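Both complexes below contain chain A, partnered by chain B and then by chain C.
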Partner chain A sequence: MQREGSPWRGLGVVTQKELSDHLSSARMLVIQLLVVVTGVVIVLVSLQQIRDITAEDPFLLLRVFTRSGEQLSFVFVMTLLVPLLAIGLGFDLVNSEHNQRTLSRILSQPIYRDALLFGKFLAGLATIAISLTAMWMVVIGLALSALGVPPNGEELARAALMLVVTIAYAGVWLALAMLFSVLFRSPATAALCALGLWLFVSILWPLLSGHLVNVLFPPSATTADALLNSLSMHQAFRRLSPGALFAEIVTVLLDPAMRSTQQSQLAAMGLALVEPGSIPGAPLPLLESVLIIWPQMVGLIGGSIVLFVIGYVVFQRQEVRA
Partner chain B sequence: MSNLVIEAQNLTKRYDGVPVVKGISFSVAQGEIFGLLGPNGAGKTTTILMMLGLTEISDGRVRVLGYDPVREPLQVKRRVGYLPDAVGFYDHLTAAENLRYTGRLIGLRRDECESKMRTALDHVGLHDVTDRRVSTFSRGMRQRLGIAEILLKEAQIAILDEPTSGLDPQATIELLEIIRNLKNHNVSVLLSSHLLDRVQSVCDRVALFSQGNIALIGSVPELGRQVIGDSFDLDVEGEGSGLDAKLKAVPGVTLVETVGLNHWRLKTDRDVRADVAAAVVGSGGKLLRLSLEAPTLEAIYTRYFRNEREGSRHAA
Partner chain C sequence: MRCRLVALILLAFSVISTGGPAVSQDTSKPPEVKGLFLLTDYPAISVRPGTTATVSLRMQNYAMAPERLQISVSGVPQSWNATVVGGGQPIEAVLPATNASVSFELRLDIPKDAPMGATNLTVTAKGANTVTLPIVVTLVKDLPAKLTLTPALPELRGNSRSTFEYQLTIKNESGKRIVANLAATAPQNFDVSFTEQYGSQELNAVPLDAGQSKDVKLKVRPPNTIGVGTQKVTARATAEDAVVTAELGLEITGTPKIDLAGREGRLNATAVAGQETSVVVIVANTGTAAAEAVEMSGSGPSGWKVEAEPKVIDRIPPNENKEVTFKITPTGKAVAGDYVTSIRASARGESASQTFRVAVATSSQWGLIGMGIIAVALAVLFGAVMKFGRR
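Moving on to the complex of A and B:
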């Protein structure tokens, strides 16, 4: 059956209202502070280390983000913190409309539910984008002034791509938080479930998945093929966590020498991928790095679309009254 | 072109196969105030939600201003104002900000919205609190803000779900006055309620809901005749000796009930006020009061549901 009128009627109005709600809320202020302060602290620490070992590195700026040493790396902290940011914004997007009893009044205005839900998602994502961009600019500014070397275009492009990927990663968690806010009437339940899943996926799953693979597919031969196979299997399981996808993408983006997402695991075993006709450790052009992680990027974006669509379907069939 | 703004035919709603609205049909004319009355859970809110396209219709059809709320919900929602029961607003926004949001959702231009908003808030008496957060509003103020939203929309039909529930008597009277005013602006009103005597005073016609069916439909006097029959109650007060017997002797009086000292209630089969007055005065007594009591909606309602219960007990 054909519905009359555009499903997106009112989308702009809803997005604007939600965005201004977010930007003026105390919760947003706290989250924003948390993100910026953490980002700055970590970068300051890694700047300290980098200055100690200043080398003739053409990608000095990028090292600021990946440097870990005994400290936490910027990338690792973002993997943990960004979901928290998204859950903090998304866990009460829909159920608060039920609880404030505004839903039936708003839906009796000439808009479809599509516009309401999508507007909320867009506004949430825009809010996250604003916080992350602000932090990114502070961090880049700090790093540039501390390092004292002008950045080259490719470095900046890679850093900017990292920002985009981080926003996409936040999108997955925002869609998940919003799904929970559709499923559960109580914001507390929605928040707890989302946080529980976040804890499981980012902390327990990386530990568990390795054991799970070893149990399901016991390592047998020690040929190169078998080794690569089991490595791929581990990777496939780990990738069920969006954090793993994000980490893979960012590692390749920020290290132009990375030729494969398995490289670091191989290196940990003292092995290296050798491609005929290429110099190991030589930097790849940006486009090639992007091609390597293209599937992971599609995976992240696809994941958020799937989560959003599930939430959308449930929301469409939900009764408006509390 | 008919002047019916709402037409429902065989409208049915089932939740998980259980019917809660069972094939009701009714219509509301242009400029009419129509009441949906019935006990809790009778299906009033469900009927309203179906008319707005906010819940699926299981069977039957409804036309609102000629539009089908299932296929053309935007057309319907553009022209119909809805005040949900226990209406909610965004607490962290002011009254004006809440209405501005609605205005933009409707698609009003900014200046147009501001001027209409001012008129609407004036009309419901909220002009002093436009810039206060809704979190500080009382129940009655929220209801009135909801009506202001309908005015802002310049709706042709106002659908009000229990607009007076939870309001004190004064606030109720004020709200009913506002509702009457809607009618003067040529807005058709459909309202649901269980506050019967109040509803009676504003409704042109009512539909009595009972377990998902419309049991009775019509104006209050019509319903009175249907349910209670053609009996008139007279309230008589007077002084004089042996008035009892005199009253009993008046032709048309079927029953004389003593309410108190010099105070009787007569059941009659026609309007015999003139004869009663003549009888009292003719016997040398003093007539202090003589009034005809029309059946109230309350009486109709209680009588109807009592009859129905007894009917079902007999059937069982």
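Moving on to the complex of A and C:
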């Protein structure tokens, strides 16, 4: 039987309450501190390196994010830590309500489950967005004071877009953590599952996928085309991990000279993608850079929506009155 | 026999050392003439008053024993000053050896106010034999310096960027050494210079002995901006009061010069991968002649199509320009970025090329498809809310 009224009623209340809970919780504070401090330390190291070796660069601000000081670049650390932030926030969103027997109490209010789940997701995303934005501002501020070069609009737009993409990437992991918190009644199980998946996807899969491709499609890098084909095969497998998508997006966004997502892989092999007649190193306009990694961005946004929908459908079909 | 041979060799040496036409004579035979002779090449000369005339003399001894001869000059007017000079100093007597000659000269200082007319002088060499030589000195009012200037090829043809080189022969037809000054008058902004025939040294004057001729080169460089037409250059040689000119003509045919530029000077364009973009290029003829049948072509990276419209321009008059539209189609697989395409215009030996920077943008089609996918995901969410919502 369909009930009447808007399914969104009470969304604002739930979001507000969840957000205030998140922001005042000790767990959140620890996770945020971890992310912010790590990010700032890495940026400080890369800033020092930029000041030492960069003579002139039209996109100096963007180099702060990509230049790797002490082997770790800011982007790489974000790829690993943002999922941790999202999982830490999301693994007990729903099942803790079950366990504290507060779920039926909430739902006895004129609030639908829709509003509850949406509110929890939005509040989680907002929390992550707040902490990431704060860190982003700290990084930009540090870069400005350390480099002393005013950023141009293009740089700021690219950096802002990177922030948005980072939030979308956190959204995927938040939706996944929420799905697990709906599936498993025990928060520990949900947390372990989510963390296990994170470990597998972020660390094991990049190693495993390479070997898998080599077994399934033995590489025959005799011509440039074959090499590019095998590279795109590697990429296709690696893209099953949201971290790979995020890394590709950010690499292209933060380097205007990047014309293809394969360019950095080729560079790692000591090769360069030289198109006959093209002017190497010429920066692309922002829109062109976005068009290159648009499929990856669609993948991140669409993935988080689909994961949320699965969690939503499972949650709606659950018995909550136990 | 042996003594005779030595004598012959000695004789040969003496003949050679005296020089002159005797060298070509058969030296095995003694000359048939015998005696003492007082010789000169020109026994009658014309002299201007107020100058010094020099008469070359030679005392020749043919098969006679060496003999001392006293030299004297008679018939010299009072105001004249006649000196016999040999070996650079005044002499009184000569002593020619057997079959040898002694050269000396008679120097005549003629005062300015000497009356016109002929004067008969007699040079006498007095010894055991006495030899005389009459010399006629005619005083004339003026002996003009005379020059001729003959161009080998007086009319040359070339374009505005050629150097015109005229071969000129300048001849001194007077009886004395002169220094001829060279000059040329040409239209404005022409670059004119005289050089040696084989050499790059520029000249202003050439010294010429009497009767001598010399070849010099006149280089004329017209200014690059000169139009088609015939130009006149006058070469002039002056020496003392003689002036000689030669009229030289140069026909300038003119050349076309093609320049390519983008409209408003822009040399960049934007294009979308796989789609045609038009770029307007201005073909200008900055030369001095019309450019005929100008072929336009272009090339880009492999897989690109660069086509000109029109492909051939029939004629561009000088200082006019035509617009050509280039249709640039990047290959459909072009990665976004900046590329170089070059365009060329060529007209019979004249060509110009220009490179264009084409910024290729990828089609936004896939962006829309991505939007569609997100929209589908949102629709699924909405459908789920509709189906399972409000519990």
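Simple rule for what comes next: the second predicted complex is superposed on the first by the 310 of 322 C-alpha atoms of A that agree within 3 Å, B and C clash if a C-alpha of one lies under 4 Å from a C-alpha of the other, contacts with A are read in each partner's own complex, and residues count from 1 in each chain.
We adopt the following convention: a residue touches a chain if its C-beta (ideal position, glycine included) is under 8 Å from a C-beta of that chain, and two chains touch if they have at least 3 such contacts.
Worth saying up front: this structure is predicted, and the values here are computed from it rather than measured.
Student: Quick check on the superposed pair: does A:Gly10 touch chain B, chain C, both, or neither? Answer first, second, both or neither.
Tutor: The answer is first: A:Gly10 touches chain B but not chain C.
Student: Is A:Tyr112 contacted by the first partner chain B, the second partner chain C, both or neither?
Tutor: both
Student: What is the contact status of A:Asp21 with respect to chain B (first) and chain C (second): first, second, both, or neither?
Tutor: first
Student: Quick check on the superposed pair: does A:Gln100 touch chain B, chain C, both, or neither? Answer first, second, both or neither.
Tutor: The answer is first: A:Gln100 touches chain B but not chain C.
Student: Once chain A of both complexes is superposed, is A:Ser232 in touch with chain B (first), chain C (second), both, or neither?
Tutor: So A:Ser232 meets neither chain B nor chain C here.
Student: Classify the contacts of A:Asn214 with the two partner chains as first (chain B alone), second (chain C alone), both, or neither.
Tutor: The answer is neither, since A:Asn214 touches no partner chain.
Student: For A:Val306, is the partner it touches chain B (first), chain C (second), both, or none of the two (neither)?
Tutor: After superposition on chain A, A:Val306 lies in contact with chain C alone.
Student: Give one of first, second, both or neither to describe whether A:Gln316 is in contact with chain B, with chain C, with both, or with none.
Tutor: second
Student: Using the touch criterion from the header, give the chain among chain B and chain C with more contacted residues in chain A.
Tutor: C
Student: Answer with first, second, both or neither: which of chain B and chain C does A:Val298 touch in the superposed model?
Tutor: Second partner only, chain C.
Student: Is there a shared patch on chain A that both chain B and chain C touch, and which residues make it up?
Tutor: In chain A, residues 2-5, 112 are touched by chain B and also by chain C.
Student: Where on chain A is chain C touching in the complex?
Tutor: Residues of chain A touching chain C: 2-5, 7, 112-114, 259-260, 275-279, 282, 284-285, 287-288, 290-292, 294-295, 297-298, 301-302, 305-306, 308-309, 312-313, 316-317.
Student: Residue numbers of chain C touching chain A in their complex, please.
Tutor: 300-302, 304, 334-341, 357, 359, 361-362, 364, 366-367, 370-371, 373-374, 377-378, 380-381, 384-385, 388-391
Student: Quick one: in the complex, what on chain B touches chain A?
Tutor: Per the touch definition, chain B meets chain A at residues 45, 49, 52, 54-55, 70-75, 77-78, 80-84, 86-92, 101-102, 104-107, 146, 149.
Student: Flag every residue of chain A that touches chain B in the complex, lowest number first.
Tutor: 1-5, 9-10, 13-14, 17, 21, 25, 100-102, 104-112, 319-321
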